[in-house]
């Protein structure tokens, strides 16, 4: 009831915050990528609410300040500067898109405030410096997961890919998948691309159909995959489609039966009996009335990992906090057990989900490459 | 060969959707000489309204859902058109009308403002005074199928579907209907008079405000129809601020310009042209530069014919 | 009872005052002319009567009903028709369509046809050019079209703003002759003219406007003899 | 006529023609203006008078024929090049720079003769300042002459019609032309104003030693001021001569005047 | 006749003046040419050394973006406001300038220093970490300034290309072509190859600069650029931009542009070569847009073409219209207001963009002529404006 799950954007006015610890989140809450920003924020808000209900961190309540960056690098820089300088947050969560994490990351690095990106997968994000962390896969790993699953488990050799060339996530994952798949001895027959805002993929799918691949790797977001799948089926492309964690969403049911028998890599399985997972699913569903997508789960994990580090940190001073985050080992998160490695990336396993009747379920686990 | 025919059918199918949206641009431009940048948002609104109304009717998407009888689809379409018509009316009255005498650039900026407003209101979802509310929300939704998914024609692996036929047919029908309206009716004559000069039209006893409102309402209803058909064709609707809508609107606008903005048949021609260029470009050149083809075509056409393919060059008498 | 009566009209463009305290009356069946030098405010007065410009103060009555606050199209409907300065014909429409627009508020097809016929009999040239785009007509033809178009609505009062502007002498005489004919058929005419000599010859009464004020009003033939008017407007 | 041929002609037009689609708007139009000439061009509406001006000033490109300004061939050149050659004009439908001030309108004309480039403008070189001061002075003088100096700060579009016409003339004069083409400069003026304007035009011609060609429908005026008159009808030159000849010419009476004025 | 006599008198007022008295003394050239620039430099210096530390990181961040937006808005004013050519592809020029400068500085740093970190001097120092060491006007500064100018030049070249169609196209048609151009730039930049990184040092060293120009980062954008733009540099460019725009506006050159806006045919009739002027307006305008893009990329340290589409162009256009078409001071003020507005509106939370768009509509309705109309802020304080040389 109190400012427990405050997503308030009021600047610190002393009285309102009391002794609360402030953390910031920046993301695209409006504009064309709002879907992802809102999901992440929902996950973070849920984590904050739970944490505060459980007495906060070290006896202090957490206050979350969320700033919208409209999906623009410039706004991201401004938002993060404001979070740090005006609001005095001890840590920053964000962004979904790698390009914006890369734009705003240097601010955190310079100001010595740790930043945890929930879902920026480009390897270069954490290369900004020792203040920048993440809880998601990086592209090379997930690309490998997709490739090795297709090659080793499904025994498929001939791939086509269809990716969003204007999105770093999609383009990065595509590249890593192709690398890995070819290294494993597979053959990528054709790579096709689309751009943000495209909604008709029949031209690309027609080109792919001509090559007759055994499967299509589609490293995109669920917002596009549904249409791609439907159009593929209409064009008579019947091979399985395989994707990454961008697929995770209950909106996949929008595809009807078009995605039946398709697979995607994910951080965790919703059938996983671990209490972290089941609690999260239940609470998320009761709070927001829908199942979380991976952005929400990663936002939730990023926040909880941060709280965990806060508890362990010598002080909430940026460098102490960063040290604590860096030393995270086997943290029990929804999206798997996270260990922060020397690159400040998250080491965790990946699972493969299979889709049937608009629902997805656990299919396999993939180990990291040796 | 299959690829050629496939590309051709797809290009025409998507092109006729462009044409449908372009009709609205061209109508408003032809009468008011004003690029209604909010048109693509009314189009998005049309699609989302169709979804919302279909949901009210208890329809749902997904596997196993059957297509309801045809009159339900028609009812959804009609209601969406009415809804968008009302919104179009309000937009014109509240945002554009006060700017009648202002420079055109101002109206353009206002249109951008309206567009931002519609986008951001559409994606709203949140808490207000402890109540959860939602306009359309930030998540994509699946439109229930109202047109049976039937294949009309087969050619090897190429299928021509009912939905595409309906889109093409509607575009053609509306083109003819608008052409008739503008050139054969009293309202159309008044519209053309208003397009020349508001004051002169008023001196003929024409209620200029009403004609402009009518134009806008009509344009918005066209957008709604296009939105409905879009929802039929692509099932999944992205949130209102998504680039999909903007880009579709932009390409439709480009189509209108290529065909000769203000020219109703030009919109149709331009739409199909753009659709074909896009698909043949992706299929036979490179998938990387889809939008580049469209915009390059635009630039080339305008350099060769500065007022579009069917547009009339307005020579100023000195 | 005057057909049109303008009372104490003040009109401004921003801070520039164009008309001050203008009052005048036009009786049924008259031809009244308004003369005055450039920028005197003649056009402004006509524009105010047909509501294209809003007055700051004052009132306008037509048939004893106040029309000051009406919209332009409502005033047209009441029977006031304005042929604006510079003709303003619909350049991209045909002659025929222009005329039809003139009769826009008439819905009865028969009456429209009757008006058209009358118009074509007044201006036979227009009948010849029926399907031509109005923008390609010559200046004089455009002027005839503008007047013809105004007559289509069978106005009680016709406001003419400088109908002779830029026309060849032959045509000017013709236009003035037509004004007389129209008037003889019962239309009241309010004529704004620079060609003061001609205007005063056809008109019954006249007003003289100087920098936004009515400075004289009299029977036209008197003004034609008035030394001041002669000096200022008739070229000595 | 033959005595007017030679290098001392300011404007020499030979057989220019143009067609619009099927319409021959101007056919084999010829004219010669010696220094100090004040000639008239008349004809019914749509005769092609304005079109002839447009041909001379490069707005339209003639289909045939040639135009010389001070001995320099200008047909086929761009309008701005023709302006530099010494031909200036006013427009039948006034074309002022409406949003600009009256003074700026005339300065626009004056700058043609006092040119300096972008670097000079940005660095404010001595040449630039000098040129700019010269332009300014020249412009103010012209406003004075035309009697609209008191309105120099107003926006051109807000001037009354008559003053707009005067301003157009001032702007044209500011380009320091040798030949001035006036398209119905007195339209919309009352007889007294017309009379004043004509005096002014005469004086301008004397002062600036120009040749002036004038389109006007007011016969009283044309006949009293022009030394020679050319009559166009349907693009054809149907008569040319001094005022009394023209007034007596039956073709002109039939096509244009109607009856003797 | 009395009037004739008066006319004659009016005619004779113009005593002939010797042209030499109009020419200012030669010594006055230097102060006249450079005094404003000097003032601009001093102001930029004050902002950098005194104001920036006082307002903190958040304030100076806004200050920087405001400065960049001023350059963008005023440069667009030259095309849209002065010349009346309707351009909505300004972000495209910005992107070109930004990527060019980014590539030069990034790859140049590798070639010169062997890494892409900051090698700046006194006026490029953002006080980011540690203390300031290094040369007063560090060598990195020179690279940066060169890159900025190069960015401007590349954008200007593109401006020339876009200016050409403006000769044939009018109004909305030109607008849509510029928009198309901007989108093409965006798509092409998004389709470039991946950036070479520090692991590829040898490859960078051995590849000629021009060949590196297609390795611009693709979808991710160009990242890891050393951030040289500081308040000083940005405001120095703001000063240059303003001086250019104001001097242009109040000169024959600028009036020629204005006359094109007002009436092309009449402009030609008074000897204006409209072809040349239109193209030059585009070139000048896009040069500064390119510079602004360079400053932007080198301030944030990354640049992403995906964000520089037509929506960004619209933002700039809004500043121009809001300021008053053709008003330099208006565009400047509007740029400042519109940079700050989204931050001011943060308190309305998720309704921010809604309030923003409503404000936009309302501002257009209540002040259609923009903040200052076509005039300048200083005109509002003066009744008569003795301009030019008078």
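To keep things simple, chains are lettered A, B, C, D and E as they appear, and every chain counts its residues starting from 1.
By definition in this document, a residue touches a chain if its C-beta (ideal position, glycine included) is under 8 Å from a C-beta of that chain, and two chains touch if they have at least 3 such contacts.
This structure is a prediction, so every number in the text was calculated from the model and none was measured.
The chains that touch both subunit C and subunit E are B, D.
Ranking all chains by how far their C-alpha centres lie from the centre of subunit E, first place goes to C. No other pair of chains shares as many C-beta contacts as D-E. Subunit C and subunit D have Cα centroids separated by 31 Å.
With centres defined as mean CA coordinates, subunit D is found 73 Å away from subunit A. Here the CA centre of subunit A is 37 Å from the CA centre of subunit E. Spacing of subunit D relative to subunit E, judged by their CA centroids, is 41 angstrom.
Residue positions of subunit B with contacts to 2 or more other chains are 119-120, 246, 288, 290-291, 318.
For subunit A, the set of residues that touch two or more other chains comprises 30-31, 165, 195-196.
Listed by chain label, the pairs that touch are A-B, A-E, B-C, B-D, B-E, C-D, D-E. Of all residues in subunit D, only 57-59, 78-81, 83-84, 88-89, 91, 95-100, 104, 107-109, 111-112, 114-118, 121-137, 140-141, 144-145, 147, 153, 171-172, 174-175, 196, 199-200, 203, 207 touch subunit E in the complex they form. Contact residues on subunit B toward subunit C in their complex (touch as defined above): 186, 189-190, 192-193, 196-197, 199-209, 317. Taken in their complex, subunit A has these residues touching subunit E: 7-10, 29-31, 67-68, 70-75, 77-78, 81-82, 84-86, 98-99, 102-103, 106-107, 110-111, 122, 124, 164-168, 170-172, 175, 195-196. Of all residues in subunit E, only 1, 3-4, 7-8, 10-11, 13-14, 17, 19, 22-26, 28-29, 32-33, 243-244, 247-248, 251-256, 258-259, 261-263, 265-275, 280, 284, 374, 384-385, 388-390 touch subunit D in the complex they form. Residues 80, 86, 165, 168-170, 172-173, 175-177, 179-181, 183-184, 187-188, 191, 265, 310-311, 314, 317-318, 321-322, 325, 350, 353-354, 356-358, 360-361, 364-365, 368-369 of subunit E are the ones touching subunit B in the complex.
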